[in-house]
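Before anything else, here is the set of structures, which you'll find just below.
Both complexes shown next keep chain A, but they swap its partner, so chain B is in the first and chain C is in the second.
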Partner chain A sequence: MTQYIIRRLLLMPLTLIGVTLLIFGMLSFLSPAERVSLYVRDIPKNDIVMDSLIERYGLDDPFLVQYYHWLVGHQDATTGEWTGGILRGEFGYSRSANQNIVDLIKRRFPATIELALYSIVPLIGVGTWLGIVAARNHDKFIDQLARLFGILGYSFPSFVFGLLMLMFFYAEHQIFPPDRLSNWANLIVNSEEFINYTSLVTIDALLNGRFDIFLDALRHLVLPIITLSYINWALYLRIMRSSMLEAMNQDYIVTARAKGVKEKDVFNKHAKPNAMIPIVTMSGMTIAGLLSGVTITETIFIYPGIGSAAAAASTQLDVVTILSLVLLTGFILLVANLIVDITYAFMDPRVRLS
Partner chain B sequence: MRSKWFVLFSALVIFATLLAACQPAAQEAASEGAAVVEAADADSFWRKSADPTTWVETSIGDPETLDTSRDYETGGGEILANVYDTLVFMDEDKASTFVPMLATEVPSLENGGISEDGLTVTFHIRDGVKFHDGSDMTVDDVAFSFVRRILAGSTVSPQWMVVEPLLGAGLVDISEVVDPENPPYDDQDTLKTYDAETLQTVCELVESKVVADAAAGTVTFNLAQPWAPFIATLANGGWAAVESKAWVGANGGWDGDCATWQNYYAVPTEELNQLGIGNSAMGTGPYKFDHWTPGEELVLTANEDYWMTEPMWEGAPTGAPAIKTVVIKQVGEFSTRLAMAQAGDADNILVGSTEDWPILDEMVGGEITYDEYMAGEPVVITDPTKPFYKVTDITFANNRTDIGFNFNVNTEGGNSFIGSGVLDGDGIPADFFSDVHVRRAFSYCFDYDTLAEEVMQGEAYRAPVLMLPGMVGYDENAEHYTYDIDKCVEELQASTWASDDGTQLYDLGFRMSAVYNVGNTLRQTIAELLQSGLQEAGAQFVVEVVGLPWPTFLANINAKKIPIFIIGWLSDYFDTHNWTSTFTSAYYSFKQNFPDELRAEFSEINSRAVQEFDPAERERIYKEEFNTLYYENAPAMLLFTTKGRHYAQPWENGWYNNPIYSNKWYYSLSKD
Partner chain C sequence: MAEAQAIEKKLDGLIGEYTERKISRAERILGPELYRIIKGIFTTPSSMFGFFLIAVFILVAVFAPQIIPPKENTLDPYKIRRDGFASVPKEPGTVWAKDPPEITWWYETFVGDEWVHLFGTASGGWDIFYGVIWGARTAIKVGLIIEGITLLLGIIIGCLAGFYGGILDDIIMRVVEVFQTFPFIMAAMTLSAILTPIIGKGIWPATIALVAFGWMSYARLIRGDILSVRERDYILAARVVGAKDSRIMFKHIIPNAIYPTLVVASLDIGTIVVSFAALSFLGIGTEIGYADWGQLVSFARNWIPQLSNYWWILIYPGMALVLFVLGWNLVGDALRDIMDPRMRNR
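The block that comes next holds the complex of A and B.
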């Protein structure tokens, strides 16, 4: 097991480099004149501008030279001094976010983590529970209702559902606002009197003794959580329901029943643990997805996470930012995958990692 | 079967419930047709703000930088306009009338501020003005501000507007003064290789152009040639802001030493934004910079010690700003911005385009025209249950969209926008639009009225001439092209173009592309109207409407490959020269590949006009010479300016429309 984990960890940087090389290669299909659009907001008023920008940022350098500069950095011809290069820990400047990429990640990633943390239980827990309830009441009214609920959730594009939530709960009734904090709370959080211990606003609010800010932050999390949860519940419901129904038809269940085990125990102790295996796999990917940022939800609710930053970088062809965020999400996915595989081995003794 | 019906029915019920729940309450109570309501009911419309001292502005444009030498876009321009003051300012909503700000009077020929030969402009600087850090503003700070920005250079900066009048018409960057033959544009490394004496001389030359006299309390600009729009240029923008020499030097900017200016030339924006001069601001203006979280928000706080004791115009504010905190939030999605306005959390209603108007009109409970609004007339309330009111018929604008012809497209590496590339009925030659009859034909084949009625919802006014209403030379009675298929056909028949076998253009026809950037529906519709107009003239005239993603569109525009393209211009300062020069002597004349002789003809007129200080003579030059030449040559199809609308919250006070502002000057605003 340990060897397996070490091997997977050692392969991680190579995989990440491979992913970035692929993305860099794809973006290189765009001409320098197209990629320079990142630096100009409208048709430039001066004819020299675009050529000058292409030269300054080396957009017409050969593909491998550009990739090398991103990976290793530039060496000044006269001073011999190196600048940039992710291997030297310099991720560069995000033109689309107007700040250093490290600062961007430092600021946005905690917001995404916070949203993910609060979303995990309602998203996975409720979805799975609905699946169990539906399976237990197979073909009964509750099953039909749960399935209907699931189908509706699955059919709703997240931006439509999010906007409906926003219009109803915010524009009409001012109950759950968008953004991460209200203005009054934001001004306090950005002031010197408020200490940022973790950059997770809810936790920092409690650590600063500001329960009002804690509640305000929770209010702002409600709509993104509902949106993320509702559109994912259908998936968990369907997987858990079918997995449970399949488990309930297995020979070991028939055996348990024949031995006189109570139906409740058959369901909870024999069927449910076995039916949970696909949920574990899905949960790993869901959590990885949440941590990588949820673009549409973050955009609609102006939630300043990593997803909205990635969306801005993509639409503006901000190659440097895209690559850094890909590295981050790739890393999260690889770690999540590894954790899922290890968990799998623990849950199903038949699985051996070698 | 029964369960299927149950599922279907339940789905419909839930969907209908959700839709009904999301229907705005105001809409439910809406009455068809706007009827004026009783005064008592109307009073209920004027709701109060939950926080009258904080203004929350939703925005879609984060500043690119806050360095006054570099910023050249409205997101940053708005911040600079509120944190810094300029020597003169615009008189309320009148963009071409000026009032003194940091200067004690507006220089003119009459008061001696402008010399008889028009080559020196002297400003008397106000005493007792303090920067936000408590230091005194001096005449040295004023002169330094302009010198630093000119030397900071960069072709992506707005410095060309100051460089041209001070260092010579046609110049855009200080690097052209260092090496006129081979300017090191935006290249600091190359600039540093020039000998120290040359660089010192250039710095001293710039210093000699803006001279402070502490004893007299004046700053004098020594112009390279008379420049009629000079005062207009200094009335707005980061390029005209007065900053503190000490603060700039302490925050990563040039400190005024002529031996080192090259180290601060054309610094990339990303490096500027790591410095205090790029990520913060400190001026003498009504607002202090508080903090900027890029992509999220920028916050300004009131300068409680603001120096303004006398109103700049009747009814203008004095003393500390009424709005104590301004929060500018980045909200890209229109629906979210609208929800924030509906909830009362945003004090503005920012539309994405005129396509959003019908959505907002459903939420409008009161209406007034701009002229009535400025005259102090009351808003006519038609439905007090609705959240917003609107100000209509704002005719004073600073931008327009037109159609430009490329006189000679670039065919290097192939060009898919001109079909076969020859006149064979399946393409056009590269210099197709060099024939004035073709340009005129296109101008006659465009249905201007449909564009105004259907796309601009009837709220647009036609551009008879290149300059905007309110500018010198504007003439609403000038001869202009109208939709006339017969004349279009006549011009096509008059064209000198013919195929190799002698078949004339009208009989042969053509195929070409009209290009727009995807997502810009106005540009798309304009291209489609041109397509349909030419089809009306004859089925042989095929215009293919091609949408390109913004990067590809930009690349092709830059490569001059697009034969006919939709062009837009936003005034930098409110003066005719900013339009006439841009379109016919400078920027667009090159993008459109004007023949040298045509550019020379326009340039001669532009040069005379911009140096003419007699308003009547300047007006005559533009009206009689420029407008006539432009009409006869039809280098572009002049379309429409959309009338503006302003949707407002009921608690908003003090707003007015100045088209040159980068959004709002918050000092004039207050809330109930």
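The block that comes next holds the complex of A and C.
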């Protein structure tokens, strides 16, 4: 067990290096001139300026040299000062968002976290519950209905479903608007008297005693949450259902029945906890996925998280920004994967004891 | 002696019992496992409906030029035909005023002798009917291209890892891990954003990006199957006879290990098409006006506050996408039940 964790921990930096190499490799598809031209706004571009920039930042250097500079930064020959380098937290300037990428992440990431926090329960909870209902009524009408419902949701691309939601709840009835806050609330949140404790609008609103802003923020969260949940329910339904059916076929269930345990308790106390193991591991990855930005959902609902920032950056071909965001999400997913594997090892005695 | 004969007779009876089950010709050709899978897909009602949907889309794709012909002498038939450049969407049933297509026989029989916008237009005069019909062609074309290349890449890499094992296997699996670290859509988005200025707009940036981040699951799948096939006795037998590596690989291992990967891959086309549509919905890849369902749905984005008035921009292409994916998912869902060993005989 300890050996397993140590092995995983040792492998992680290796994967991280691979991740950065891959990202930098993608960046080097662009020629030096193309990379410089992202930052030279004059049209037509001045060749002398471009060449001097390429020279100055060493964009003509061999791949590994450039990779090293990208990772740890440049040392100025005369002053000895270091500049740039993603390891020192300098990701560069985002052209599409007109600000430093670190600031962009600081501003956008809380919104993504907030959406993820509110989505977890409806997404995983309801999906699992549907799976349990389907398994309990195995092969009956409810089972078929739940599966049909699930597969229909699974077949809706999130952008079609999200727009349908907007069409009905916003265009037709104006109940749940897109974006993160209404204009009036936004003005208050950005004003001096509103104190940002956590950057999560709903929690800050409560801490500031502004219940109306809390409600407004919640109103804007409803549609993204529904969209994210519905398209993911099928997955949880399927896994929970089959895992539950498998658990009900185990010997310990026969034992429990033989000693006279009530059927309800057999289902809830003996089968369910064991059937939950795959759900736990999967929810770890789902949460990580939510945290790493749900690009399409955020884009449709004009929700200012990192997913929509990445989408905006890539439509404007702002390579530097999107690569930084991908690096961030890759890191989140890598850590999440590690946590999931270790939890799994702790939960499953077959893994724990081997 | 008599005892031995009795036992033999009994054994014969037992064997007879087993061989008595009629083995159809199809089963003999396909082998028991594959036969069970294929029979399963074709006898489940939901998957039959799925096949029906897929068949309809294939027919639409094949006969797209007969359903609604492209502009004469056009270089790019995938470019959606437009009726003027009006900025306000026209509702379904509006007469096609400028430059209508030729009347086709089915249109004359069922609708009339004057082209109307059957599904309305988006802002800019883009005809949605044309987009949906030719979008089926794009979907199937893109699905097949991406799936084919991805599968080939996955199989090659997976075979290398599974067959040679050792350090090569370790390295490949680490690389797979690195590629799988990224969220699929985000990674594909990144790569196509990088590729667009290099190879220009069109279906290729998104295609390459989806291939580059899609091969890993197939590589893993076939590697696993090869690892198990590699240990079988007939491989050992082939080695003993002195067969070359390449012969063992192509004649013995791959044919026996490839089916699960092929089946899984063929049903991933639905997902692939959605991913492609998602990219073009975001505005990455194809240029505006390309007949692609994601592109059409993105027209609806400009009208979100009035979407209930201009519902047709969203509903028709959205329906096409949902039904297409539903078709593949219904078949895939049935298949997963059949192939899941935990669900067998239940």
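Throughout what follows, the second predicted complex is superposed on the first by the 289 of 354 C-alpha atoms of A that agree within 3 Å, B and C clash if a C-alpha of one lies under 4 Å from a C-alpha of the other, contacts with A are read in each partner's own complex, and residues count from 1 in each chain.
Everything that follows uses one rule, which is that a residue touches a chain if its C-beta (ideal position, glycine included) is under 8 Å from a C-beta of that chain, and two chains touch if they have at least 3 such contacts.
As the structure is a prediction and not an experimental result, all values here were calculated from the model.
Colleague: Have a look at where A:L30 lands relative to chain B and chain C in the superposition and call it first, second, both or neither.
Modeller: both
Colleague: Just to be sure I read the superposition right, which of the two partners does A:G127 touch: chain B = first, chain C = second, or both, or neither?
Modeller: Touch status of A:G127: no partner.
Colleague: Regarding the shared-chain residue A:E246, is it in contact with chain B (first), chain C (second), both, or neither?
Modeller: So A:E246 only meets chain C here.
Colleague: By the touch definition at the top of the document, which applies to A:L166: first (chain B), second (chain C), both, or neither?
Modeller: After superposing on A, A:L166 lies in contact with both chain B and chain C.
Colleague: Which of the two partners, first being chain B and second being chain C, lies in contact with A:I322: first, second, both, or neither?
Modeller: second
Colleague: One more residue to check, A:T299. First (chain B), second (chain C), both or neither?
Modeller: A:T299 contacts both chain B and chain C.
Colleague: Output check: A:P178 vs chain B and chain C. Expected answer is one of first, second, both, neither. What do you get?
Modeller: Both partners, chain B and chain C.
Colleague: Mind working out whether A:L152 is in touch with chain B, chain C, both or neither, as first, second, both or neither?
Modeller: both
Colleague: By the touch definition above, which chain A residues appear in both interfaces, chain B in one complex and chain C in the other?
Modeller: Common to the two interfaces on chain A: residues 30, 34, 147, 151-152, 163-164, 166-168, 170-172, 178, 299-300, 317.
Colleague: Using the touch definition from the top, list the residues of chain C that touch chain A in their complex.
Modeller: 174-175, 177-179, 181-183, 185-187, 189-198, 270, 274, 277-278, 281-284, 294, 297-298, 300-301, 304-309, 311, 314, 318, 321-322, 325-326, 329-330, 333, 336, 340, 342-343, 346
Colleague: Please give the residue numbers of chain B that touch chain A in the complex, ascending.
Modeller: So the residues of chain B touching chain A come out as 3, 6-7, 10-11, 14-15, 18, 21-22, 24-25, 51, 54, 56, 62-65, 73, 155-156, 160, 172-173, 185-187, 268-270, 273-274, 291, 293-297, 299, 325, 327, 329-333, 335-336, 338-340, 342-345, 550-552, 554-555, 557-559, 567-568, 582, 587, 590-591.
Colleague: What does chain A use to touch chain B in their complex?
Modeller: These residues of chain A touch chain B: 30-31, 33-37, 39-50, 52-53, 55-56, 93, 95, 97-100, 107, 144-145, 147-148, 151-152, 163-164, 166-168, 170-172, 174, 177-179, 183, 186-187, 190, 299-302, 304, 308-309, 312, 317.
Colleague: Show which residues of chain A lie in contact with chain C when the two form their complex.
Modeller: The contact residues of chain A facing chain C are 11, 14-15, 18-19, 21-22, 26-27, 29-30, 34, 147, 151-152, 154-160, 163-164, 166-168, 170-172, 178, 238, 242, 245-246, 289, 292-293, 295-296, 299-300, 307, 310-311, 313-315, 317-319, 322-323, 325-326, 329-330, 333-334, 337.
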